[in-house]
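Labels run A, B, C and D following the written order; every chain starts at residue 1.
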Amino acid sequence: MKTNKLEIMVCMGTGGIAAGGTEVLSAFESAIKKLKIPAKLKKGCSVHKVGCRGLCARDVLVDIIIKEKKSTYQYIKPDMVQRIVDEHIVGNQPVADWLATEDYHNFHEKQVKVVLSDCGNINPESIDAYFAVNGYEAAKKVLTLMSRQDVIEEIKRSGLRGRGGAGFPTGVKWEICGGVKNAQKYIICNADEGDPGAFMDRAIIEGNPHSVIEGMIIGAYAIGAGKGYVYIRAEYPLAVERLRKALEDAGKKNLLGKKILKTGFSFDIKVKLGAGAFVCGEETALIVSIEGQRGMPRAKPPFPVHSGLWGKPTVINNVETLANIPHIIRKGPDWFASFGTEKSRGTKVFALTGKVKNTGLIEVPMGISLKEIIYDIGGGMDKGRDFKAVQTGGPSGGCITADLLDINVDYESLAKVGSIVGSGGMVVLDDTDCMVSIARFFLEFTQVESCGKCVPCRIGTKRLLEILDRITAGKGKEGDIELLEELGKDIKASSLCGLGQTAPNPVLSTIKYFRPEYEAHIRDMKCPAAVCKELIEFTILEELCKGCGACVRACPANAIKGEKKKPHTLSSELCVKCGSCFDVCKFGAVKKE
Amino acid sequence: MEITSNVEKTLNRILKDFSAEEGNIISLLQLIQDEFGYIPESTVGWFSGRLDIPESRFYGIATFYARFYQKERGKNIITACCGTACHVKGADRVINAARIELGLAEGENTTDDMDFTLEQVACVGACSIAPVVIINKKVYGRQTSGRLTREIKALKK
Amino acid sequence: MINVTIDGIKTSVHRDTSVLDAAKQCDITIPTLCHHPKLTPYGGCRLCIVEIKGINRPVTACTTPVSEGMEVTTSSPVLEKLRRTTLELILSDHPNDCMVCEKAGDCTLQELAYFYGIKENRFAGERRVYEKRDGNPLIERDMEKCILCNKCVRVCDEVQGVSAIDIAYRGFRSKVCPPYERDLDCEFCGQCIRVCPTGALTGRMWSLKGRQKDIREVDTICPYCGCGCNITLDIRKNEIVRVTSKEDTINEGWLCSKGTFGYKFLNDPARLTKPLIKYKGKFRESTWEEALGLVAKKLLKTKEKHGPDSIAGLASARCTSEENYLFQKFMRAVIKTNNVDHCARL
Amino acid sequence: MAGLAAVFGSGAMTNSIPEIENNDVLFVIGSNTTETHPIIGLRMKKAVRKEAKLIVADPRKIDLVRHSHLWLRQKPGTDVVLLHAIMHVILEQNLIDRVFILSRTEGFETFREGLRKYTPEYAEKITGVPARDIIRAAMLYARAKRPGIYYTMGITQHSHGTDNVYSIANLALMTGNLGMESTGVNPLRGQNNVQGATDMGCIPDQYPGYQRVDLPAIREKFEKAWEVTLSDKDGITATEMTDRCLDGKIKAMYIMGENPALSDPDINHTVKALKKLDFLVVQDIFLTDTAELADVVLPAAAFAEKDGTFTNTERRVQRVRKALDPPGEAKEDSRIIMELSERLGYPMRYNSMEEVFQEVAGLWQAVAGITYGRIEKQGLQWPCPTLEHPGTPYLFKGGFPRHKAAFSMVEYKPSRELPDRQYPFMLSTGRHLFHYHTGTMIRAGDALNSVAAEAYFELNSYDAGKLGVTGGQKVKISSRRGSIKIKAKLSERVEKGRVFIPFHYREAAANILTNTALDPVSKIPELKVCAVKIEKITKRGRPRIK
């Protein structure tokens, strides 16, 4: 599409909005309105919002496309808009100071965007924008030209596996459910992204909701479902809003509802809001939650494909899985299978966070090395610190250490070293992170989120947490590490659902790779990373303190005293070990050990 | 909360909306909470009687899900994210500062004057701008103790 | 019929049979705390885990249906170790007060702790402590002893259709309670007491009446409505200690509030213990000899003076059939009147 | 009872309790089953869980309504019209069972003529039940494979109670819904051994086993067995006894374990009658209101203190065993009767209750096969004529004892006393879950009693508003026969213009208010309908007319 059009795209995902995206957008709008350019030209001018393009850390990101030449600005604030309009749009001279730097482009270069290909390029609130990138072509093709079995075959051939964590082959799931004889079936999109550290599902729905809907239509057709649900967290208000708008628009275009596109196929989608329970990401819990009950999982078998929502055959797919479907249908299963490894086909979206320079959402082919992700895409360690580990798969996952950085990121390889792909959370940790504390953090999360139905998870995770609590408090006992291991293994073996079966993973994996750190806590009562409050002391180094008073103002406990411009003193009795002084001191005069 | 005739009007409207929701108690509780900001015990009794759904079931569900509130909440809602990214980027410190600024004791979430409620959530999915705090539905990225304290002070006025 | 092998024993069972039931049919007992044959399977206590060939992790026998050719192992070092850990975890959140517990001797948890020899607990930690006691008059609810097996919740919903209780909160904080943790206000049928595997639910009036020692069981029939429920009276020293019902009865082991709790009248001090004769408008105690003599004399006199039909008798729907037979026989054969009725009409 | 016996030749439950859960349609009319028969209630709920359809016909929103698919809220006393309209629809829709009618009944042609005028629309006017619900109920019942009808005192305690029962019988006959497993007509007996008491002949016109006293052959059988001559005159019923006391025909009464001074309608009238007796002997476990009036009171043993059998509502004879010694000098009722009989020159000598039962078995074919040995573990349901017979879970498999069951057309008769300007409310009485009969067994101070310790009456909140009465307020309720003071409980269970009082409470005895009008056949009093007024009690304790 060759055009003289001027396009301004403002990143307005949750991150973009938080950084002031709404204000930036309206600043551009009003600036353009004020421009003295011919009305005809103005018409061709469009200012619009786009979804997340991954690197939220640089928000607000703005793309300006003039005559197909794209320039990207980073860290844009409303007061910067006028200058961009004046110099770049009117004067055709980009504001070089504010353009995205090289590493922004590096960040994107190694990525392969399938699911995210249109996120950040199209207006997620416009169905026409989706049409413009061949949206709903796949659904049309499926409904008009393909049989149910054809669709299932294509998906099977693509090798697509569930992106929610377990990695079950999607085509096989559809085939089983499709084979169950029942007049009423359901397809559910699991958008209950609960892993604290993963946000790709939110970004996909915020950035390209129609791709998920299209995936659901295709899935519903393949298994013979008449009704679909999107179970989405209430914590994602923007995603909910955009999804609802998209459903409404799709309904108006007869892409949903009765006799879709004048074929014999009818299908509709309802949105169900979660009410705050991580366990509802587990499929049987999700089902009862949609039915309006306490989200407590039940034993499988029977599996949902046989007896799911209201006892009917039900397929549950995660957001990313479904968003892959239209691409597979449009470009063919072989194209999709060309990415990734033998057993893990396609791409996977990860949420790269923690102590790397470029934090954000990335999409990479399966099998890429962890090193490439962290150093090439992530730009290396933040603040020049030392890499310690990367935690993948969130509360169900484990950690991977420096000597394993060459590992390929795919389902099998990660499992082999005791971690998982899981939902795609990837938290990079440096030498200031305490591994015991990280394990404790995840365990605290799973313990609070345990539904309480089965004993090992309800009481077991509580006991694990108690042991970790005492270790991080310097009250650990000889034998605690072995007890953690033993209990952890038993919980994994005997819990009812995936939550309990994986909850001990962060503990077991950190013990496996960082046992000496645990031992230091127990035997030496020291936290090597100086994180565990009870095991550290703050002191002010007289020789470095300039007496600026910043720490005095920051201290919530009035523990620091001293005259201006003279070295201060810190009372260890009053100190609550909040670390505020450490954070504010510009001279490195606060010592933590 | 007393069920006055005005409240009853509202409840009847919710009842009507609810019939479109496949008898889903979670949806009903969400409708109630949207209306009142929390789930008043008296409304549960009211619906239980009309729908022949035992109150115990309402209570079981309302206490299971973290996003249902049994008590009235403050005028300003501060939601601090405690996801992994926020955690490693120091969410604890930010939350601590807010607690001190609001004068909240251990286990308390709402100020005595009902002006503020501070809550922690697992993850709001904005990890790349961690630590994240949401104040009255507006998302603030890269929070620090100082910035949050200033925001709270501004709201106090 | 489905062919399965359980611990090497080949058997065939009905489709839809659970592994747990199939094992039972082979006389193999698998420990469980949350399963009840008349309630939907729950799979919460994780004690009935078994190994099934071809499945890579232990599964609960109560929730797993048999399938053709299934090979099940119900006991192995791995399974026993897991069961032990699970039991230890349960006990780590359970008061250690069997010596004063009403349920001692009849407690499934105690029994399992005994068989697994759990004395020390590796996992000692925080226990749930509840200050508030339920103020209802009949059912003692000691929720610190509750192991969240959910049987009471299920029986209240699935059998009684009342749902007076449900699990509230989640995880370690989970608690079985009436709505808003108010005092229990229900039909007080006591079904929950009957299914409770621990001392969490007991009859308040049974407290300190005696446990298992010196108890004599007497099977009889409930004296209340016409259902004719079979009850078992636990008797100690001429007093009812508690009332239960066996599961293979027409009432399937279920009773109502009266059938469970309505026996205080038996020991009521107001019970008549001696014949009374009215004298000048007031009763005085008498001997049987005197009282029966007086009745005989009066009835004879009335019959002689006014004829047999001047006498009427009312029998009782609460007396035994034999007594009713004797009563009408007395009226008909001795008094010689058919003026005999009972309160069937009321 | 009497009504059902007249039609089928037997008045007991035709099916058994375990069969309930296999009904595919349950039609519960005039029975608050979950409160009066909780365990049968459980079976009904179980049936519903197994996807049976439950139709409840009751003026009150009883607990069972919550589990029902269709609730017919008929005005009290209009059951005949409701049932006729249902039958009218079944006839219209041609859902009758012709084969059954032809082979096993008589009088259908006349009967069908009589139904003509009972259209659903006509019934709607009288019963208040929407015509479409009547049609739905008819369809559900008539199309069911295994439907069961259940009723209790809500059907029988009317001045036209027998008519109600006839109508129920007619409904089952015209659809052929009888004589099969889980299919039949089931009156639920109120007290633990009502069935046993009737079986044993504690009825004025029948010897044990429903054998009529006016048939010479039968009388001779009993004379021979008992070695005496017997009266050939029908006796009088309990309710008639009261009147005969008053007019002086009855001079002495022997009451065993009964408390008519609280359970009978219009108690004031009953008490007056008992006071008029020359001699009253009462045998009971407590000094009941009735015993207070006695000249001699004999202390009896309670159920747990004796051996014997109870026969439950499904005709099951079950063993009662002695578990405790009776207090003080109290004795088993059987022992007292035997000792008294001895003194009157007719020694009854039995070594055990088993011997008594054997005597019955020798006189009544239906229990001839039952022995204590056979019912050691589980009871047997009569008929059980031989020692090999397994008992009879459901009746009329092959036919009726009377050979053919007769349709009997009855016409709608309004209740005797309906609300008017002076007494504008309609009162029904009944039971409450936590109490039993006249409260001799669940007593003050008992924990169970404390759940519902205080007498109350149910009043619709609309009426409460009009009267200015709030929940918990004590008011005066009066009928033409007397008045009581009782607390109001606001409840949507009762409809506007109606009130309900549980009859268990002696301090506010509902039966002070009730009407003694009797059903002419069964002699059951009309306890379900009478007219009352409600007055607020002013501070000075004097009622203010409202």
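Convention: a contact is a pair of C-beta atoms (placed from the backbone, for glycine too) under 8 Å apart; a residue touches a chain by one contact, two chains touch by 3 or more.
Just so it is clear, the model here is predicted, and its values are computed rather than measured.
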- Longest centre-to-centre distance from subunit A, chain (CA-based): D
- Whole-Å distance, subunit A centre to subunit D centre, using C-alpha means? 68
- Task: Give, as an integer number of Å, the spacing between the C-alpha centres of subunit C and subunit A.
- Result: 52
- Can you check how far apart subunit B and subunit D are, centre to centre, with Cα atoms defining each centre and the answer in Å? 55
- Centre distance in Å when subunit C and subunit D are each reduced to the mean of their C-alpha atoms: 28
- Message: For subunit B, give me the residues that contact two or more of the other chains.
- Response: 57, 60, 64
- Query: Of all residues in subunit A, which are in touch with two or more distinct other chains?
  - Reply: 277, 294, 449, 451
- Do you know which subunit D residues sit against two or more other chains? 66
- Throw together a list of every chain pair that touches. A-B, A-C, B-C, C-D
- Item | Residues of subunit C defined as touching subunit B within the complex | 162-170, 177-180
- Parts of subunit A lying in touch with subunit C, wherever the complex brings them together: 277, 279, 294, 298-299, 301, 447-456, 458-463, 466, 483, 486-487, 490, 493-496, 501
- Residue ranges of subunit C in contact with subunit A within the complex: 41-46, 49, 57-60, 63-65, 78, 81-82, 85-86, 89-90, 92-93, 122-123, 125-126, 147-148, 150, 166-167, 169-174
- Query: Across the complex, what residues on subunit B touch subunit C?
  - Reply: 41, 44, 54-60, 63-64
- Note on the structure: The residues of subunit A that touch subunit B in their complex are 14-15, 17-19, 55-57, 59, 193-199, 201-203, 233-237, 272-278, 289-295, 351, 353-355, 359-361, 391, 394, 425, 427, 429, 433, 438, 441-442, 445, 449, 451, 554, 556, 578-580, 583
